[in-house]
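Multiple structures are listed underneath, in structure tokens.
Heads up, the next two complexes both have chain A, just with different partners, chain B and then chain C.
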Partner chain A sequence: MTVAWLALVAYMIFAGLRLDFTWDRFIIGLDNAERFLGRMFPPAILQPDSMAKGLLESLEIAILASFFGVLLSLPLGVLAARNLMPAWVSWPARTTIALCRSFHPVIVAILFVKAVGFGAIAGILTLIVASMGFIGKLFAEAIEEISLKQVEAVRASGAPFMSVLTYGVFPQVFSRFVGFATYQIDSNLRNSTMVGIVGAGGIGATLFAAFQRFDYNFVCAILIAIILMIMIGESLARWVRRILGVDVSKSDA
Partner chain B sequence: MPNSRTSRSPAQWERYSSTERLLRFSLLLLLIIAVLYSAKSVEIIPEFLLDAPEQIRDLLVRMWPISYGFYPEGVHDPLMDTIHIATMGTILSILLAVPVGILSAQNLVRNSLLNGFARLILVSTRSVNSLIWALLFVAIFGPGALAGTLAIAFRSIGFVGKLIGEALEEVDPRSVEALQAAGASWMSVLLKAYWPQLEPTFWSVALFRWDINIRESSVLGLVGAGGIGMALDTALNLFQWTRVSLILLSIFVIVVIAEIIVTQIRKRII
Partner chain C sequence: MNSSVQHTLSIRGLSKEYVPGKPVLRQIDLDVDTRGITAIIGPSGTGKSTLIRCINRLVEPTAGSILFEQQDLVRLDRGALRLARRHIGMVFQEYNLVERLSVMENLLTGRLGYLSAWKAWRRKYPQEDIDRAFELLEIVGLNGFENQRADSLSGGQRQRVGIARAVMQNPRLLLADEPTSSLDPKTSVEIMQLLVSIGEKYSIPVVINMHDVDLAKRFASRIVGMSGGAIVYDGGPAGLTDTVLQSIYGGEDWLQ
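Up next, the complex of A and B:
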């Protein structure tokens, strides 16, 4: 146990030296922080039009990306479930999911901005990719955990594949799917406020511009607005889960 | 499934009560309106969308062949920095998040004002994206890995603290009461009753967050907060597409390695 602690401390010293964390920089930083916070408060909405437009666009990006992302991840998750599909179907689907997941949305956003130009469409495409990766993976895992008894029963009655899905598979995983989807809406809302930093639309562009103009009081106002919007989104998601009777399980946190 | 069980048995069985049906219907309606409204008002330039496949193909062509030769001089060091930023950020975030998590647990701190305050901290740190945290810290500490590490640490407080707080609330109260009855101090109760039950969650949360942070720290450099993102930013600005593809490939490799490490450790220990 002591060895582990020593190793941890040694690592922290090594990494700290390598990353050039010095006490001087920290002290200078604290000095800057004081000035910085002084300029942030009181928050001021310097450009109400640009802020309102940015927030609305972020919201629209999140809604559209969630809608199409959830829609696309449904078949993708089914295709990737190894207990329903043969290997030659599930492997391509699993690879697609892994590719969607492995890059941070910002990198995907940069590539989409290069491909489709600046604006909301790049943001929407980015978050669709992110949603497919996240929901697709968890949904496929959920399907792989279902009980096959019901599936076999439906199959034995001569049902075609679609009916097997609707009567044998989906009832078992529906509530978890809703859980993942509402979580992803939350996550898309958070990310839609950020993709603007690289030019993919939404409030991020306004925020980044305010930063570059050193309008820190406007930055503060935007940050408060973002936090409020996300808190409202979280309570909405909780409300939706309650209406649909989905258990708010800790594992979806 | 949420069935309304009334004392009177209805003449015909219905899965949902009329209020439930109304709520579900209005939810669907709301969803349709939101999607249609967004689709209508969001600015999409169709010409841009039409030539997107061509642009993407063009991008891929320019990225080929990957210039592997650039790895030793320009990618290795920032890549290692990225891993250290993620690891140090995770360690720091745990140090910061544990007290907040304890404050947010209602069975440990019986003060709803403090609970609420801790929850507010957790929600706000999670709501601000790591890239935005990085912008803030770059403004304070200047460009570099310090800003990136702090951004990772602050962004993770919400996640780590929330899960630790929830795990603390689920702790079996019997061992806690036994220790309290024996007159143990608050600190001993924490270490001997709460910690053993919390430990598995704690390690799995820490590992999970580290995995996420590897991904997150790879982009912080785009706003000047150190790591491989800075190399990516330079290569993108100079249109050195063959280097961009090398950097993307190396990010992909470390993300995959991190995921393998985490799953292996989880399988062995937890």
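Up next, the complex of A and C:
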């Protein structure tokens, strides 16, 4: 045990030195930050057209990706649930989910930009993949925790499989699914502002261009706009949850 | 296997091994055709529940045949099994209601086998199903409960919904797996009375497995005693002498 701790401390010192992670370096950095922050204020919307177009595009990417992502993750999650599906079905579904989750959206976005070209379509596909990975995994886990007694009763009545799902399974996991979906919409909104940096459409492109031109006051204006958009999105998600009667704070027992 | 008498249910040589070489059911032969209640009694772990569940294949039998309305249920493929299950109602020990659905939706669950999944999803039930559901709510004594969520009901009320749901299927056989084991004595009696009257009213044979011998004697017209995965007694409640009970449960101290 002690040896393990000593090894960890030794490795951290080694890694810190290698990466020049030192106090002096930090102080030099602070100096830089002061200049950077100074140039950010006051914020200024230098290119209103570009900013409006970027924000709208991000919003569209987020909404389209959320819609298709949620739609696709529903069957994917069901197929991946090991208590409903035989291994030869759940195994490929789980592999698909694992693949969707294995890369950060930035990497997925780069792959899609190379595959389908610059623009919003790459961003949409990226966030669909992210949504399928996240909701699919959590939804499958939620299904694996349901009470099979309720499912058994529906099955014993001679219901077709789809009806067993809609009556025996979904009522037990519906509120959790809505919770996952609204969380993912939130997350897609945030990520839709980022995929533009690698050319996959949205406000990220405008932000990145402003950085490269050292228009830090414009950068600041864009960041504020993004914060506002995210906050509006969060209250919308809360509103959706309330309308659907899903109280996330309450347990699902 | 080709008996001259037509039974509603005719079980021959039924065996079940969850673990190979360790049979839970050994060569069960059982015919059910009488109206009224057939009670299966026996100690815990003797395969009563497995027997009941083999009939509608919630548990897959290892060997044997189960003839129900000229069909061997054991040999049916998935599709045909589903169609056959529509005619076999089942009542569960822990009610097995869909907790988050309303009482009415739980009752209508009994009609899912007759309805396309698409119609079921949109809650497009024929009016006669809905009328029947209301009628059954009255019969089981749950008038006005249709919009309550199942998880807001008491145990006795839940079991009434469970029975109504099974009867919604228009079953030609009603199975009940320890229907009163989670209920208090008074409610247990009420539930047994309800099962008897349902069986009479709709002329459906009812097969119940239970561990309460007194309750079985009081309500069943026929008692099947099981021990060690085999049937050791089959006859009227009057024939359940202490000697017979000993052969079913073993020992004698508990009879004092």
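Throughout what follows, the second predicted complex is superposed on the first by the 234 of 253 C-alpha atoms of A that agree within 3 Å, B and C clash if a C-alpha of one lies under 4 Å from a C-alpha of the other, contacts with A are read in each partner's own complex, and residues count from 1 in each chain.
Please note the rule applied: a contact is a pair of C-beta atoms (placed from the backbone, for glycine too) under 8 Å apart; a residue touches a chain by one contact, two chains touch by 3 or more.
Given the structure is predicted, the values throughout are model-derived calculations rather than measurements.
Of the two partner chains placed around the shared chain by superposition, neither chain B nor chain C is touched by A:46. Using the contact criterion defined above for the overlaid structures, shared-chain residue A:162 touches chain C, although it does not reach chain B.
Contacts of A:60 after superposition: chain B is touched, whereas chain C is not reached.
Of the two partner chains placed around the shared chain by superposition, chain B is the only one that A:12 touches, whereas chain C remains out of contact.
In the superposed model, more residues of chain A are touched by B than by the other of chain B and chain C. Of the two partner chains placed by superposition, only chain B is touched by A:190; chain C is not. No residue of chain A contacts both chain B in one complex and chain C in the other. Residue ranges of chain C in contact with chain A, taken from their complex: 56, 58, 82-90, 92, 94, 96-101, 105, 109-113, 115-118, 120-121, 162, 165-166, 169.
Residue ranges of chain A in contact with chain C, taken from their complex: 147, 149-150, 152-164, 166-168, 171-172, 174. Chain A meets chain B in the complex at residues 8, 11-12, 15-16, 18-21, 25-26, 28-29, 32-33, 36, 56-57, 59-61, 63-64, 67, 102-104, 106-107, 110-111, 114-117, 119-121, 124, 190-191, 193-194, 197-198, 201, 204, 207-208, 211, 216, 223, 226-227, 230-231, 234, 240, 243-245, 250, 253.
Listed in rising order, the residues of chain B touching chain A in the complex are 1-2, 20, 23-24, 27, 31, 34-35, 37-39, 41-45, 48-49, 52, 55-56, 59, 80-81, 84-85, 87-88, 91, 123-124, 126-129, 131-132, 135-136, 139-142, 144-146, 149, 162-163, 166, 170, 215-216, 218-219, 222-223, 226, 232, 236, 248, 251-252, 255-256.
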